Each structure stands twice: as C-alpha cells, then as structure tokens.
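Following this message is one structure expressed as structure tokens.
Letters A, B, C, D, E, F, G and H mark the chains as written, and numbering starts fresh at 1 in each.
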Amino acid sequence: MVQAYILIQTEVGKAATVAETVGAIPGVVTAEDVTGPYDCIARVEAATVDELGKLVIARIQDVPGITRTLTCTVVHV
Amino acid sequence: MVQAYILIQTEVGKAATVAETVGAIPGVVTAEDVTGPYDCIARVEAATVDELGKLVIARIQDVPGITRTLTCTVVHV
Amino acid sequence: MVQAYILIQTEVGKAATVAETVGAIPGVVTAEDVTGPYDCIARVEAATVDELGKLVIARIQDVPGITRTLTCTVVHV
Amino acid sequence: MVQAYILIQTEVGKAATVAETVGAIPGVVTAEDVTGPYDCIARVEAATVDELGKLVIARIQDVPGITRTLTCTVVHV
Amino acid sequence: MVQAYILIQTEVGKAATVAETVGAIPGVVTAEDVTGPYDCIARVEAATVDELGKLVIARIQDVPGITRTLTCTVVHV
Amino acid sequence: MVQAYILIQTEVGKAATVAETVGAIPGVVTAEDVTGPYDCIARVEAATVDELGKLVIARIQDVPGITRTLTCTVVHV
Amino acid sequence: MVQAYILIQTEVGKAATVAETVGAIPGVVTAEDVTGPYDCIARVEAATVDELGKLVIARIQDVPGITRTLTCTVVHV
Amino acid sequence: MVQAYILIQTEVGKAATVAETVGAIPGVVTAEDVTGPYDCIARVEAATVDELGKLVIARIQDVPGITRTLTCTVVHV
C-alpha cells in the first residue's frame, strides 16, 4: 500500500467545494481546507505508485476548480 | 480577535483596482499595491480562524482579478 | 481546537530522525517522511492560534535537523 | 516617503525574538510574527528607495536569526 | 531616476513576441528572451517609484501574453 | 550539441497526453510523467543554445495542455 | 522497479563534484550538472518506493555539498 | 557568444559587497543590488554554454557571501 499527501491549489473561491468533492473520492482518506500556499490538503492511499498516479491525475485532478496538485509520497525509511 | 496579512496575486494590469476593492471589504484594515512577487498586501481582522477563512475565501477571493491569495496568520508567542 | 498541517524541510539526511522526534511531541497527532519539496508532514492540534504558534516555534522548530517549517492552518468554511 | 512590507524568514525557533528586535529599529512601523512561508512581516518607511535599501541591508538584515528578507515596495498607481 | 529589472513570465509560446513588444515601450532600456523560471528579463528606468509602478502595471502588464511580472528595484547601498 | 532537461507543468488531468505528445517531437530523447511540483520531465538535445530555445518555445510549448516549462541546460564543468 | 528524477541543489561551487560523486552511487543511472534553479539532476532506480526513499535519504543526501533534494517519482498512467 | 542574467541570493547583510566583487570578474558586464527575492542581478558573457557554466560555478559562486545563483541564459528565437 502506498500513501501520500496531495497539496492542492484551487481557483479563487473554490476551496470549500473542492475539499468536499475530493473527500468523497474512493482512496481519499481525508481532505481539509487550509490557509497558506495551498488551499486543501488530502491524504490518500493506493495499491502501487502507478495506481497513486492514476488516482491523482484521473480522479482528483478531474474535480472542477483545481489548478495544481503536488504529490508528497509517504516513505518509511 | 485573529489578525492576518493576505498576500495577493492578481491578473496582469489589475493590481490597482484589486487593492481599492479589497480595501473596502469589512474586516480589511488596509490594502496596498506593492512590487515583488505579490501585487497587493492586505491586513485583516476576524473573530476566529474559521471567520478569517470565510473572509478570505468568500469575500476577498470574490474580488474580480485575484488569482492567488496567501494567508499569513499573526501569532503572539 | 485549532488543527494544522506542518510542512517540514530538514537538513539533508535528517528526515527520518526528525519525523520520529516530532511525532513524539504532545499535540502532534502524526508525523511522516515524504518525498517532494518537503521532507516530513505533521498534523497537529492546539487550543488556540497562539498556542499553535508556540507549539510550532517553541517545540517543533526546536527539533535538531529542521531548517524550515510551513504552517497550514485547517479552516472550516 | 517610500513605504514597504519586508517579508522575513528566520532560523528555526528565532521568530519571536526577531520580530521584537526588528520592531525597535527606527523606520520600522510594525513587526509581527506570522504563520505561512514567512516568519515575520514588518512595515517600514524611508525617505528614498536607496535609504530603504540601506535600512533593509544594513539594519534589518543585521538582526541575528534572520536568513532571508523580501522587500515589497508600496506603489501608488 | 529609479531603475529596475522586470522578470516576466508569459503564456507558453509567447516569449519571443513579448520580448519584442516590451522592448519598444518608452522607459524600457532592454528586453531579452531567457531560459529558466522566467521567459523574458527587461531593464527599465522611471522618474520615481510610483512612476515605475505605473510603467509596470499600466504599460508592461498590458502586453498580450504576459502572465506574471516580478519587479526587482535597483538600490545603491 | 547542447542538452537540457525541460521541467513541464500541465493543466490538471493532461499530464499523460502531454508526456506522450512531447516524447514524439524530434530532438526530445525521453519524456516521462512524474509526481512532485512538475508533471512531466523531458530530456532534449539541440545544435546550439538558440536552437534549444526554438525547440522549447516553438515546438514543446506548442503542445496543448502545457502551462509552464523550465529549461535546465546541461553544463560540463 | 520504481524510477525517479532527483533535482539537487548544492552549496555554491560544489555542483561539479556533487554530480560526479552522485553518479557513482549504485542505483543512480545518470547525474549531470545543469543551470537553472537546480544544480544537478540525477535519474535513479530502486525496487520499491521505500527503497527509493532510503537511496535518496541515506546515500544521495550523504554526499558532501548537497543542500536540498527534490524527488520526482516517475508514474506510468 | 552566450549571454545570461545571473540572479544571486546572498547571506543577509552581504548584498552590497557581493555586487561589487562580482562586478569586477572578467566576463561580468554589470552587477547591481536589487530588492525582491534576489539580492543582486549580474549580466554576463561567455564563449560557450560550458564556459558560462565554469564562469558561474568556478568564479561567481566563489565570491564570499553568495548562497544561491540562478542562471537565465539569453536565447535569440
């Protein structure tokens, strides 16, 4: 299982709806509005790195109002 | 009372009108045009962190011409 | 209760020990090593914004090996 | 009279003392600790752009604990 | 006389035409295409800081294809 | 012969098609989807620095879905 | 097999030696000096995401002169 | 002949001496103190891209007080 934090920037005014919509996607554990250089931070899980890539590109980036996503993959060292 | 600086980026050519419009919003103490990586810096006040979030997302980000806002919450340590 | 994500950069080679040490601080719910522009992401809780500021500046930034922290306060809008 | 916001980054753990010390420098109107990508935001005034440059480089950057300063000059357009 | 470098980002594919158009604006000494995080760097002169602000916001940012400008004012310290 | 890495940001959801299309352009050796602050990283070759500039501005930036490119020229020192 | 590009920043003047030393580490396919916001770009391979994390944190970040590394994991979507 | 702008960040308080020292290096046409995210901007010339790399890494980055340099190569497209 691969886990990651997705740091999300949205169009102005869209942060609230984006967090709610992202939070409902299978594989997304939590999604919260935040202040600072990002508008929303989600924690996600996927079977492999490629599945993680698909979850981000195909599902999360498909949510209206998102302009940038930054994937920070969790590593256990 | 929670205070914060909002660092604002605007569409090209819109800095002047944005500063003026933001400055008129209740809760905004000052809003000024600046050079550097930001176009306008506003100083705001709100009752709680959540009220601050609403002021930024619902009111300030609603001003035409704004592309990014970055909230720097004032802390007294 | 105020919640936040703290995005942490560390000196090279120190990510693993930083995550472990930060994770043991009272008020820190989770702290994990990640890839990308940040080395560790922690989720924290505090009674007020000022308490959050003290937790970050006095406790988390005190952990050897940390070079930068970026506080993203959770807002409910 | 030229005015500017100085966005200041500090060594970890030094934000509080930096804000206090910067705040006492002649020409500095306010200096406050903040969360986000900057640790302290000061508002300053100087007679000319060159005087502003000297205030920043010779006085503010001389305060122990400061690692970066970013000058955002106020413009009236 | 106030001098500054304007670091310009453009829409993809527009760097060449932007440099040429900016270069023809009165007050712009040089404007060149570059690689790296910026697409064009211009060197400009204006009578005062406010005139510099107007040159950037009213004239340079008016050039089609520009998405961001970053003003680095020259200081003599 | 001049070589470079082109770090590419795309509109949300377009990373996959962009990598494929860029990879087919003459002069592009490889183009791969990645996580992190960039969506795709290409390795390219050109006869001169100016030819490299043309390859990036005229051909790569012409691919639909690209929003930013950052050229990192390889140097042998 | 997991692949990634590691974008490396070094202390001033150390780019050349860093690229050479990193290039000799098992798992590193190529490592080249570049201009732009990064000083060296390496392409690496590892068996899993965690092994990739160890390669970066334990081996690459151990090379004298490196100040920051940014891991961009290759995804096949 | 290859030309470039070198965007330079310095240790706090060192901007003035850095600009003066860099300005005296053969191949450096101009070097000026600036406000904004960079402390000094130099314009340089070299015979080839590799010579440009050597000028930056071996000569400019050798100047005491410099912490980061960012090379923006001029391209004629």
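Just so we're on the same page, a residue touches a chain if its C-beta (ideal position, glycine included) is under 8 Å from a C-beta of that chain, and two chains touch if they have at least 3 such contacts.
Everything quoted here is computed from the prediction, not taken from an experiment.
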_Between chain C and chain F, the fewest steps along chains that touch one another_ = 1
*Which chain pair shares more contacting C-beta pairs: A-D, or A-F?*
A-F
*Please determine the option from A-G, E-F or C-F whose contacts repeat those of D-E, over half of the contact pairs being identical by residue number.*
A-G
*Whole-Å gap between the CA centroids of chain B and chain H*: 35
*Rounded Å distance between chain B and chain D, as computed from the means of their C-alpha atoms*: 19
*asked:* From the mean C-alpha coordinate of chain C to that of chain E, what's the distance rounded to whole Å?
replied: 39
_Counting only residues that touch at least two other chains, what does the list for chain C look like?_
4, 15-16, 33, 35-37, 52-53, 57-58, 70-71, 73, 75-77
*Contacting residues of chain G [partner chain A, same complex]*: 2, 49-50, 52-54, 57-58, 71, 73, 75-77
_List the residues on chain D that touch chain C in their complex, please._
9, 12-13, 15-16, 33, 35-37
*chain H touches which residues of chain E in the complex?*
3-5, 7, 15-16, 32-38, 41, 70-77
*Sort out for me which residues of chain F touch chain C in the complex.*
35-37
*In their complex, what parts of chain B are in touch with chain A?*
4, 52-53, 56-58, 61-62, 66-71, 73
